[in-house]
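Right after this note come the structures.
Common to both upcoming complexes is subunit A, partnered first by subunit B, then by subunit C.
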Partner chain A sequence: MSTVGGIVDQVRTRLKESEYGDASLIVGIMLAIYVLYVLFGLSLGFNLNGQINALQRITFLTAVFAMAGLALNLHWGYTGLFNVGIAGFMAIGVYVMGIATAPIDPESASAIPGLGLPVPVGIVLGIVAAALAGLIISLPALRLKADYLAIVTLGFSEIIRLSFSSSTLQQFTIGGYTMGTGGNSGLNLAGDPSRLVRDFYETGFGIAPLDSVSNGIVTAFNSVGIERVVAINVTYTMLVVLVLVLVYFMMWRLGNSPFGRTLRAIREDEETARALGKDTRLLKAKSFAIGCGLLGLAAIFWQGSRGLTTPDTYLIELTVFVWIVVIIGGTGSNTGTVLGAALFVSLLQEGPRYLRNVIRNSFEVPRAPTSIADAFGSLGGGDPLPLVAYVFEELAALQFVILGVVLILIVQRNPKGLMGHRKEPASTLNLMDPRPESQTDSGTQEATDE
Partner chain B sequence: MSETIESERQTADDPMLAVSNLTKTFSGITAVDGVSFDVQEGEMTGLIGPNGAGKSTTFNCITNLVEPGEGEVVFDGEDITGMQTHDIARDGLVRTFQIARELREMTVLENMMVSPKDQTETALAAVLPGMRNSVRKEEQVMVEQAWETLDFFEIDHLAYEFAGTLSGGQRKLLELARALMADPDMVLLDEPFAGVNPTLEDRLLDRLHELTDQGYTFLIVEHDIDLIMNNCVDVIVMHQGRLLAEGPPSTVRNDERVVDAYLGGEVAE
Partner chain C sequence: MLIGLPVTMAMPDRFSRTEFGEVLRDNVLEILSVGLLALFFVDLLNSLANGTLALSRLMTLVWDGLIVGLALGLAGIGLSMTYSILGFANVAHGDTMTAGAFVGWGVVFLITGFGNAPLGELLLLGVGGDLSASDLGISLLARPLAVFLGIVLTGAITAGIVLSLDRYVFRPLRDASSLMVLIASVGVAFLLRYLIVFFYSPSQRALAVVPEAVALGTFNGFPVVSASRQALQNSESFLKLPFAFGGDTSVLLQIDAHEILLVVVTILLMLGLHLLLQRTKLGKSMRAMADNEALARSRGIPTERVIRWTWIIGGSTTGIAGFLIVLERGTMSFQFGWLLLLLIFAAVVLGGIGSIYGAIVGGIVIGLTTRLSLVWLPEATFARPVAFLIMILVLIARPKGLFGGRIVG
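Coming up: the complex of A and B.
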């Protein structure tokens, strides 16, 4: 365990001494992860398309979790708001988007109709709905202490999930429009963000020059042996990464401004902020609503390529995942959050499965014993393979155990995460810059003259 | 008893702060019991009393950090009873805390930059390019003012330090400097000298006198009676939630009740 601490310390020193910007740090870590996954792919015998698809998937999940992490970082890292209802706000974003964009007259009779709005409008509506939900929840809850906000948001997210899975809301009609959540079996996302990409490749949005551009891209991909499906996936991932860059830039500006400074003052000591004339309730509500809108955005792009979303996606696990991202990266640091997302996705979420497949591929792993007692029994007999097989069989469940252990280790050894030690300037100016030279060298007498 | 004292003290000009019949009860215990006093503009007024006399609660009620039960608070001619704490601060009545409440994980300079009340702190202004530029200009002016205020308190060498690393005395200086950045007319100081070494105490007193000369009004809660008697024009004495005496130090010092209830008690400890 001390080696873990040692490695983290080393990484920290590197980060501190690093002369390179945050962007190259993120790109560097991503490249290292790519190398790891290419090695995984090689030992699993992936072809080119398989390799690219695996890297694309890692990048996509990283971008999505980074977005959600940035939203939580605004809540917790900047404002000190303990939001445990992340899954609920994400669900609202996706469902509102899905209902808004579903066709009015669906082709299949079993599909649930919607409002038939264009995809971009649906995305905006989803974000606005999530932000509004955040605002409504925050108004009563923010008057209370932090722990109560946690209870309220936790309850809220469960209410949302259960409502979306209830048969009452499966299909309903308001003002002549029939729509619904699809209940337990989930909602078809007929018009989701990935449709923008598919439309681009299929018809070029009906614009001839764009169509020839998209055909050209497909031909270029084909010429190096990349299939059309993979090309579409890669394009969608690039779109999501672009959105992440925009979100990151926005969060950076929000943090390094008087707005961010006041949020940090509230996090440090709300009473002091009030005594200095800050309307802390208003600012907390703003911060909460903005973050919830971003959670909606992240969820829309996350679910936006699956074609179907189910209420089960928004269990409390999802909330915990986003928290882990922020805790690994270090609360208060946007760059740290993106790094946290990359490490979480590649090592904790996807990594174990790849590792299992690699080991299964390379070693003869016997059939798994039926109980953990049997597995340990044969370990006592000197044969570790049944235990390994058991672990592999139950990997999905054991992943949560691993997450728990990692969480405990971080909180115990490195409560500040990877980059939590670093402070972003709470101003549009760099307040660590040397003092500006003033023209008139006014003495102390004038200092407080107004 | 307090009423007679109050009527004696009626003065011609309007007071900066007028507290009348302030009462606060915490689950049956009356912490502040019908307290009335005035604070004159451009003066340093002391509020003394033994532990548990209700001084801090009085402060909390004035700034509505604790909701006052009864009574009225008039600041600069405006009734501010029960107004939101932040609105009271924006009106020009800013308070400091007994235990310095520095924003630990922010630098001293960042602490200073939190206060100015006319800054554009909307989310939109932070993000949009054009608006962000004007925010930048605004902040450049604020930084200059922050540096000058730090100079005035001779803590400019600490500007880049995290506030959490300052000594007790430095924190008190920072707290006052930060309060001044909020552009107040009057500052309520809750035990500004507690835990401050004699050198810093002298510096702090010096600055307070200088600021008073510039027209600021101060109401200071303090344990150290001599310090208040020697520096304040008016002294208010509280005991067990009630107002015991109010007046110039010479009067208060010779007040029998004060000597009995407060000075006597203190010595006996």
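Coming up: the complex of A and C.
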């Protein structure tokens, strides 16, 4: 296991010594991931559309998890708030957006009506609702010890999930407007963000010049052999990446503002921050609400292309995914969080499945036995293939096991993650710049002041 | 002197202010909740009186709540102990219970079905074959030995699981902050839960046969205890009180052997634990460690050994609780421990972290709340949210729990 630690240390020193900026670091890692997936695609015999779709999917998931990770980084990395209710806030964002944008008179009788608001309004409402929920839960809860806050937020997210899955709230009427959560079978997202992209390609939002622009784009894509569906997906992913860039920029500005510096002061020593006259409770509540709003935003864009969202999406597993993203990347570092999202999605979430398909494609793997006992039985008889087949069959469960192991190993060996060691300058002037030696000193000092 | 003066002046002032109004203001949430409880109680009596709530339903809800509550309390002791002695909220607690129950039940299957089915199929609780619970017919009355062995072995297996988890995951993190250990315990929860899925497949399975229930009720107004609902209606009873209430025949409550076993074993274990923690040196060391670990170590208490015993006691009680819950329900899925975890947290928080009585009382309160709230709730889905809501309110209003303190015992 020490080799893993060695590799991480090496990567760290590389990151520390690299002359390149954060943006090129992220782009570089993404390009490396793209190369890996192009190789996967080649060995799976994907055509051009398949290749682009796979890359598009990786980018999309990375962007979405990076957004959620940035929100958690604001909570945990900047302010030191232990939020384990991520899934609940994400659910609120998506459900409020879905209810707000569902048509008042749906075409099919089984669909649940909503408020019929335009998509952008729905997105804003979803974000505001998630932020408000964060504010309401944080005002009393932020007085508590950090691990109590964890229990409170965990309980809160379960309350939200169970309420959304209840049949009482499946459909209800308030003030003459009928709406609902759709209960256990989920909520149809009739007006989700991907609708914006589809409208753009279909009608150009009804504006003639835009329509001709969109037609031109489709023709351009077609001329290099990319189908319309793939073009729409790629455009949506570009939109999500654009939103991520905006969020990243916002977090960067926020982190370097007096507000962000005070948050970090709270994380390091709340008593001192309070003694210096900062209203730490208010600042913590603000940070919590902003982060929850961002979680809502991330979830809206994540679920925004699926057409349906179910309560089962918002189990504790989702919360843990976002935590893994932040912990891999390094708490407190926005760049690290984006890198963490890229590594989580490409290596831990999607990678094993691709690798399995590649192996299945190139070797003859028999049908999986019905139980692991049979698999071990044939292994004892000298035939390891049934065990391999069983592992492939149950890969989804094994991936979660791997996630658990990764989480434990990071906490045990590298609790600061890939970039958490880095001191992101709090002042607008980089005071450390003239003396690079003292920078490494302060790095080690920071490691001990936990 | 001038600086000292206002302080001494302030002293009597502070005492004089702790009057009725102050007490009222300090405990406004408690008073409100007691008032709310009284209101619900009055409403309960009212619905009983006007017949909207049948007495038999109320009794069944109370009995169910008591059983769930005792099981939660027993399972909560381990969580409470590790929380107060090791100082972190163990999110893997519920999944440890699941893991122990799966392995323990596998052993019970092996004992009862030995020779009737392949070993692997028995150990995997029927995965990969067509073994069903009714083939083995495990119940307390039909196979008492298997059930008792199951209780003991599941306790031992779960203790073994938590000991190895402590060795490889938690011991290296003794000096880490409690939040990092909490994150690691989330990793452990994932690891255990999905290893179970990997080995046993995610489906819900029937494991035990629910035995025929004893019926408590009235026959022509006389309170009777009969062997079954049918027997009661046929006037066959093995206990009949000599006085009558009204004149109708009805079954008020049905109790089966597994429920009784759960109640008896849980109470016995709790009494045993109480004695252990109050009367032995180990118990005293645990309490010392919960109060101040560094001081305890400097006074020569072997902290690592105490921690090991904490895990053993917590793990085995949790495992036994898991086994008994599965026996009582008759079914088990890979999520059952995780689904119980937040309820266990609610019980422990309510009773006060570190307190064993607190865990028991908190468990019973949470159990009764989740069941009795069904009287008012529109659907059963909301029962768990109600428990979590209580947990959140207690944490916010009274983070030390109903009984306060970080004292084990």
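Convention: the second predicted complex is superposed on the first by the 429 of 450 C-alpha atoms of A that agree within 3 Å, B and C clash if a C-alpha of one lies under 4 Å from a C-alpha of the other, contacts with A are read in each partner's own complex, and residues count from 1 in each chain.
Keep in mind that, in the parts below, a residue touches a chain if its C-beta (ideal position, glycine included) is under 8 Å from a C-beta of that chain, and two chains touch if they have at least 3 such contacts.
Everything numeric in this text was worked out from a predicted model, so none of it was measured.
Trainee: Would you sort A:Met250 into first (subunit B), second (subunit C), both or neither based on which partner it touches?
Mentor: After superposition on chain A, A:Met250 lies in contact with subunit B alone.
Trainee: With both complexes overlaid on chain A, does A:Lys145 touch subunit B (first), subunit C (second), both or neither?
Mentor: Touch status of A:Lys145: second partner only.
Trainee: Regarding the shared-chain residue A:Thr203, is it in contact with subunit B (first), subunit C (second), both, or neither?
Mentor: After superposition on chain A, A:Thr203 lies in contact with neither partner.
Trainee: Considering only the touch criterion stated at the top, classify A:Asn215 as touching first (subunit B), second (subunit C), both, or neither.
Mentor: Touch partners of A:Asn215: none, neither subunit B nor subunit C.
Trainee: Output check: A:Gly260 vs subunit B and subunit C. Expected answer is one of first, second, both, neither. What do you get?
Mentor: first
Trainee: Pick one for A:Pro415: touches subunit B only (first), subunit C only (second), both, or neither.
Mentor: Only subunit C is touched by A:Pro415; subunit B is not.
Trainee: Would you check which partner chain A:Leu276 touches, where first means subunit B only, second means subunit C only, and both and neither mean what they say?
Mentor: So A:Leu276 only meets subunit B here.
Trainee: Across the two complexes, what residues of subunit A are contacted by subunit B and by subunit C?
Mentor: The overlap between the subunit B and subunit C interfaces on subunit A comprises residues 450.
Trainee: Per the contact definition, I'd like the list of subunit C residues that touch subunit A in the complex.
Mentor: Against subunit A, subunit C makes touches at 88-89, 118-121, 123-124, 127-129, 169, 172-173, 176-184, 186-195, 197-199, 201-202, 338, 342, 345-346, 349, 378-379, 381-382, 384-385, 388-389, 391-392, 395-396, 399.
Trainee: Subunit B touches which residues of subunit A in the complex?
Mentor: Those in contact with subunit B are residues 250, 253-254, 256-262, 264-265, 268-269, 271-280, 283, 286, 290, 423, 425-429, 431-432, 435-436, 438, 442, 444, 446-450.
Trainee: Mind pulling up the subunit A residues that touch subunit C in the complex?
Mentor: 82, 140-141, 143-148, 150-152, 154-156, 158-159, 162-163, 165-168, 316-317, 320, 323, 327, 369-374, 376-377, 394, 397-401, 403-408, 411-412, 415, 450
Trainee: In the complex of these two chains, what residues of subunit B are touching subunit A?
Mentor: Those in contact with subunit A are residues 63, 65, 84-87, 89-90, 94-97, 101, 103-107, 109-110, 113-115, 117, 119-123, 125-127, 132, 135-136, 139-140, 143-144, 147-149, 151-152, 156, 159-160, 162, 178-180, 182-183, 211, 214.
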